[in-house]
Amino acid sequence: MTDSVEFESSMMSVPDKTLLGLYWTMLRIRKVQLKIAEHYHEDEMHTPVHLCIGQEAIAAGVCANLRTEDYVFSNHRGHGHYLAKGGDLNALIAELHNKEKGCSRGRGGSMHLIDTSVGLLGSSSIVGGGVPIATGAALGAVLRKSDQVSVAFLGDAATEEGIVFESISFAVLKQLPVIFVCENNFYAVYTPLNKRQSHDDIYRHFEGLSIPCFRVDGNNVLETYSIAQEAIERARSGDGPSFLECRTYRMTDHHGGESGVEVGYRTQAEVDHWSAKCPVECYERFLIEKRVLSFEDVKVVGDQIDSEIESAFEYARSSPLPDGDGVLRYVMAE
Amino acid sequence: MTDSVEFESSMMSVPDKTLLGLYWTMLRIRKVQLKIAEHYHEDEMHTPVHLCIGQEAIAAGVCANLRTEDYVFSNHRGHGHYLAKGGDLNALIAELHNKEKGCSRGRGGSMHLIDTSVGLLGSSSIVGGGVPIATGAALGAVLRKSDQVSVAFLGDAATEEGIVFESISFAVLKQLPVIFVCENNFYAVYTPLNKRQSHDDIYRHFEGLSIPCFRVDGNNVLETYSIAQEAIERARSGDGPSFLECRTYRMTDHHGGESGVEVGYRTQAEVDHWSAKCPVECYERFLIEKRVLSFEDVKVVGDQIDSEIESAFEYARSSPLPDGDGVLRYVMAE
Amino acid sequence: MDWSKNLIEEYELNSGIDIANETRKVSYTVAVREALDYALAEDESIFVMGQGVDDPSGMFGITLDLDKKYGSHRVFDTPLSENALTGIAIGASLTGMRPVYMHNRPDFLLMAMDQIVNHASKWSYMFGGHISVPIVIHATVGRGWGGAAQHTQTLQGLFMHVPGLHLVMPSTPFDAKGLILSAIADNNPTIIIEHRWLYRQSGHVPEGPYAIPFGRGVVRRIGKDVTIVAISYMVVEAMQAAEELSAEGINVEIIDPRTLKPLDEEIILQSVQKTGRLIIADTGWKTGGVGAEIAAMVAEKGFEYLKAPVKRVASLDIPTPACYVLEDRFYAGKANIVSCCKEILSVNTY
Amino acid sequence: MDWSKNLIEEYELNSGIDIANETRKVSYTVAVREALDYALAEDESIFVMGQGVDDPSGMFGITLDLDKKYGSHRVFDTPLSENALTGIAIGASLTGMRPVYMHNRPDFLLMAMDQIVNHASKWSYMFGGHISVPIVIHATVGRGWGGAAQHTQTLQGLFMHVPGLHLVMPSTPFDAKGLILSAIADNNPTIIIEHRWLYRQSGHVPEGPYAIPFGRGVVRRIGKDVTIVAISYMVVEAMQAAEELSAEGINVEIIDPRTLKPLDEEIILQSVQKTGRLIIADTGWKTGGVGAEIAAMVAEKGFEYLKAPVKRVASLDIPTPACYVLEDRFYAGKANIVSCCKEILSVNTY
């Protein structure tokens, strides 16, 4: 890995509108995360938050290729996936505040996000647990003869769960339209990848199953976008699943808004190394250089997002908690 | 796959004693299986038997490289592994007859064989279930600083279980002295491999984990012996695990002594094709050609084995059933 | 599902303790197969998957040739990846499909506990009811011929404990057909555990479709001296015990709850109110099993009815032994029920 | 193991209801860590593995720096492959090792049910006692802060049902240390489920090693009006409820079984014989849980002692909700115990 992000080679075929859309999505995810981090210590969000600061390019780059009716399944670190797929911001922040208007009616919290109206059919906080479910959604699409595709977001540690191997193996067997997007941030909680896996080229693990596998610079939104685009097109046209290992880094701790350096499992130097590759800042610089974006734009977009977030927090804070008497509701569907 | 078995190239370095030992082991396994098949319909063995006729070369070839204190873990199709590792024949036949003198005191039956005195520490009838246990025995060996190695026998279908992927991944991470011996007979009960896996080169599945993987002609006892030998030597000298895909065929049905052609899931032509590659007959012919074995020897050895088997059946039949009052014994160890 | 709502309403109108004037007799396996056949024909969203469902044995006959009738995309074999395939069924169900995942032993469900318990049972609640998981997981209990510890487990005792699941254990061909149709139509994850020994039974089964509502037990035999709540195959053993006991003038009432989740507590309590005595006969292990829950429920809600200690007839709390001499001890049956009844009746009312 | 046999004999000699003249007070986490520390020091065959056991948080502190003391071959982190790693622990144990596999939530044990239930619990029996599986599986229950459905399950209700396992739930620092040492020394697979909220407790803990025998409950509070069998963290809630009730002149007896498998039935039956009334307070779901088994056991064996319906205090039969308003309803505690006691005492003896 080099020390900066190289966008040039992936930019060519991408229209300006998409270039800007990717920026907006990433910036919005980043700003939402930062705002959550800012307020988390106030203890108004009773939920274990796993922020995705540093990993925004993956959610943005992948989901920009998806249609509303395509499926996404997320994990414990799901805010970015939720927003990139078009999930409602108010409902997200309300969910973090444990409110009835939350996307899961306050039953799920930060790790269990859903927005069925945009194809996000749930998020599992069991590592690897959502992967077969995403695979099954792809099977559903095939059986219903629709051309929807399904995306499973998973962490590097999820690839250690046999269920992920099983899911990929079945997806290949049936040539299902599912894309496995592994966000390799090199850690599971405080455990580095090299204590858990024999090498860090996760994309290689599954090559033997005859699934197209790619290593992607997950901090490069354009590279992610274009490799995901090809995978999604293959899936949609019946050419089966793909596996993407997107290498990245989480800038905050496993849980909450601190950096985690003080805990002692990673060094400041490592964090600094990855800071220099910040997916949002590098891309912003690149767009400005290429004159796709002006300093003026940056400010306007930033302000717009800020005020949207501000009002989402207001919405969440002022909205009611669930009624305790409803505790038994929703266990069983009608 | 060719239609005959080619031994010449693997023979060179193998001493005559070993050549004969392999023959004896295979013939003995074969004859035991045939005798079980012959008597099974008499309903004196109340246990679901899964015979390994056609697959004898794998157990024989692998186990000939093992020391008594090395470990082996078997599965539902375990008679061959048990005998090749040196398990007591009387105790096997008694177990099939549900007798107290059986190797598992009548509690286990055909699918649960054990002989701790020769390192066979158990057999699981949950497909894939014994594989992590074999891996753990290798971990035990390392932690105790012994140079024992551990072998997991598994079927082709077992590789579909995520637990096998997980086990291999951990074995590589810790460089454990374990050899995964997959007997690919192309079927799981009545389901052919191509309905379950995307391609039939099972050894490729795990290459991405950086474990040495080999495709072996599992009907060729010399090839199996020599590839296993290298793998076992690597393991013993601290160079980690290996995965062997031994391609073979079971000549009898999934369960019991019939061929299964009448059931309709496989053709007579397919069975005939593999009959021509019978691991025992081809090897016998080869040894005779090479004058390692005479027709006279064949007869003598065969008769010896026959009478040994005969007396094992007598032993089993005349030995007592467990006492019903002992039913609660052995749930918990002291 | 509309078709099933209609079926259930129809059933409500027509059903008594049994379908008295029904004369068509078929085997349990035929009944199960008919249910699957009807469902597959009725609703494009239904599909059947499982190890061997399309093989020449047709999963003991219950799926025989359904693949030929409905195509290999709707009735298909699976790899041995029970946990992932359960998740795959869940995922398909979230997109509007109604998968039926079949297993030839409940033992293999232990590999799928993560997807069953951590996922299927929780998905609706965890997401505030925005979505549901209409899957059916079907497994057939094995018994005998030295099947041993890993191929004979019943496991309803585990699933009984898990909120968010239905748990169904039909004991007759009639119930099998009607409950499977209900399960497929239901919008929640449902575990159906059948017993291989029931596959030998035949009984009255209407040719057309019908659905039996969950949470509605039946009185299999009317009596006044002791209530026996019998689960699955134990209904057969209990009926035989009842015959034997009636010769001695003891009249047992047999309740078959048919579904354990939801459980028809009312029918049990009413019976105990009448008899004052309760035996629960289950195919599973005793400790912490279905019998424990039913005993506890009655000790809570029907305590004043009880005239004698509750009794549980169940398997021994050990792994299943292979040898038949030991199997005979391991499994409870008619004889245990008979002696339990006598014991419970020997207690003086106070 | 010899060292533990000695420890248990010593304990037998010295123990009363509590160690009265013991003055050293430490936290629950320190007590757990001391047990592991002692075991690792004593016996080369013991090793500790689990996700994060050697990380800077040291699994809530209970394994903190043990890797530094004993080396990374004896205290090591694991990949997220819970099922295989359970099997790996089993395999190592078959060769003479004594693995302790630690999990920061019981929820993850659902991924390992195959190896726990199909393998560990059966290996000894299935092979006629020729071999045994001395492994310890340790998991800490999470609660609160919106941990939600997949990170707060207790699951003892499932393990209660499985023959061939020990099931241990220590409620005090003293018990934690002594029971962990027993578990490690025992030659059978043992599940230890601790509760995160107990980690806040401190209590008397002898500095040296001691082992508490399995199957021996303790009376945590002597009373005469109602027996409360309280499990794990519910002991704390029950003790508080008892305080409150005693102000109103109600005297409850609190029994802590400490191990659920084996269960000290005698201590429960003796107490119910005295009080005539039984409440079981458990941290898990109500239906089919630990409370069901204990209620059923008493309805079988102590029926004549009972003067009122049995009551179960437990979590609601739903997945755990995230929101604290709903969490408050979901979890049972002191208030439920108090009201249950009053209710049970309002029943007229007959």
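Chains: A, B, C and D, in written order; residue numbering restarts at 1 for each.
Convention: a contact is a pair of C-beta atoms (placed from the backbone, for glycine too) under 8 Å apart; a residue touches a chain by one contact, two chains touch by 3 or more.
As the structure is a computational prediction, the values presented were derived from the model and not from experiment.
Interface comparison, B-C versus B-D: the higher number of contacting C-beta pairs is recorded for B-D. Among the remaining chains, the Cα-based centre furthest from that of subunit A is the centre of B. With centres defined as mean CA coordinates, subunit D is found 38 Å away from subunit A. Remark: subunit B and subunit D have CA centroids separated by 41 Å (rounded to whole angstrom). If you average the CA atoms of subunit A and of subunit B, the two centres end up 46 Å from each other.
Each of the following residues of subunit D touches two or more other chains: 78-79, 81, 83-84, 107, 111, 114, 118, 125-126, 148-150, 163-164, 316-319, 321. In subunit A, the residues that touch at least two other chains are 104, 106-108, 112, 124, 126, 129, 160-163, 166, 169, 173, 196-197, 331.
Listing the residues of subunit B that touch subunit C in their complex gives 46-48, 98-99, 104, 106-112, 124-129, 157-158, 160-163, 188-191, 195-197, 263-265, 321-324, 326-328, 331.
If you check the complex, the residues on subunit B that touch subunit A are 160-166, 169, 172-173, 196-199, 204-210.
Of all the residues in subunit D, the ones that touch subunit A in their complex are 51-52, 55-57, 77-84, 107-108, 111, 145-151, 316-319, 321-326, 328-330. Taken in their complex, subunit C has these residues touching subunit D: 83, 107, 110-111, 113-114, 117-118, 121-122, 125-126, 148-150, 157-158, 160-164, 261, 284-285, 287-293, 295-301, 303-304, 306, 308-312, 316-319, 321, 350. Taken together, the subunit C residues at the contact with subunit A in this complex read 45, 47, 73-74, 78-79, 81, 83-97, 99, 114-115, 118-119, 123-132, 134, 163-164, 187-188.
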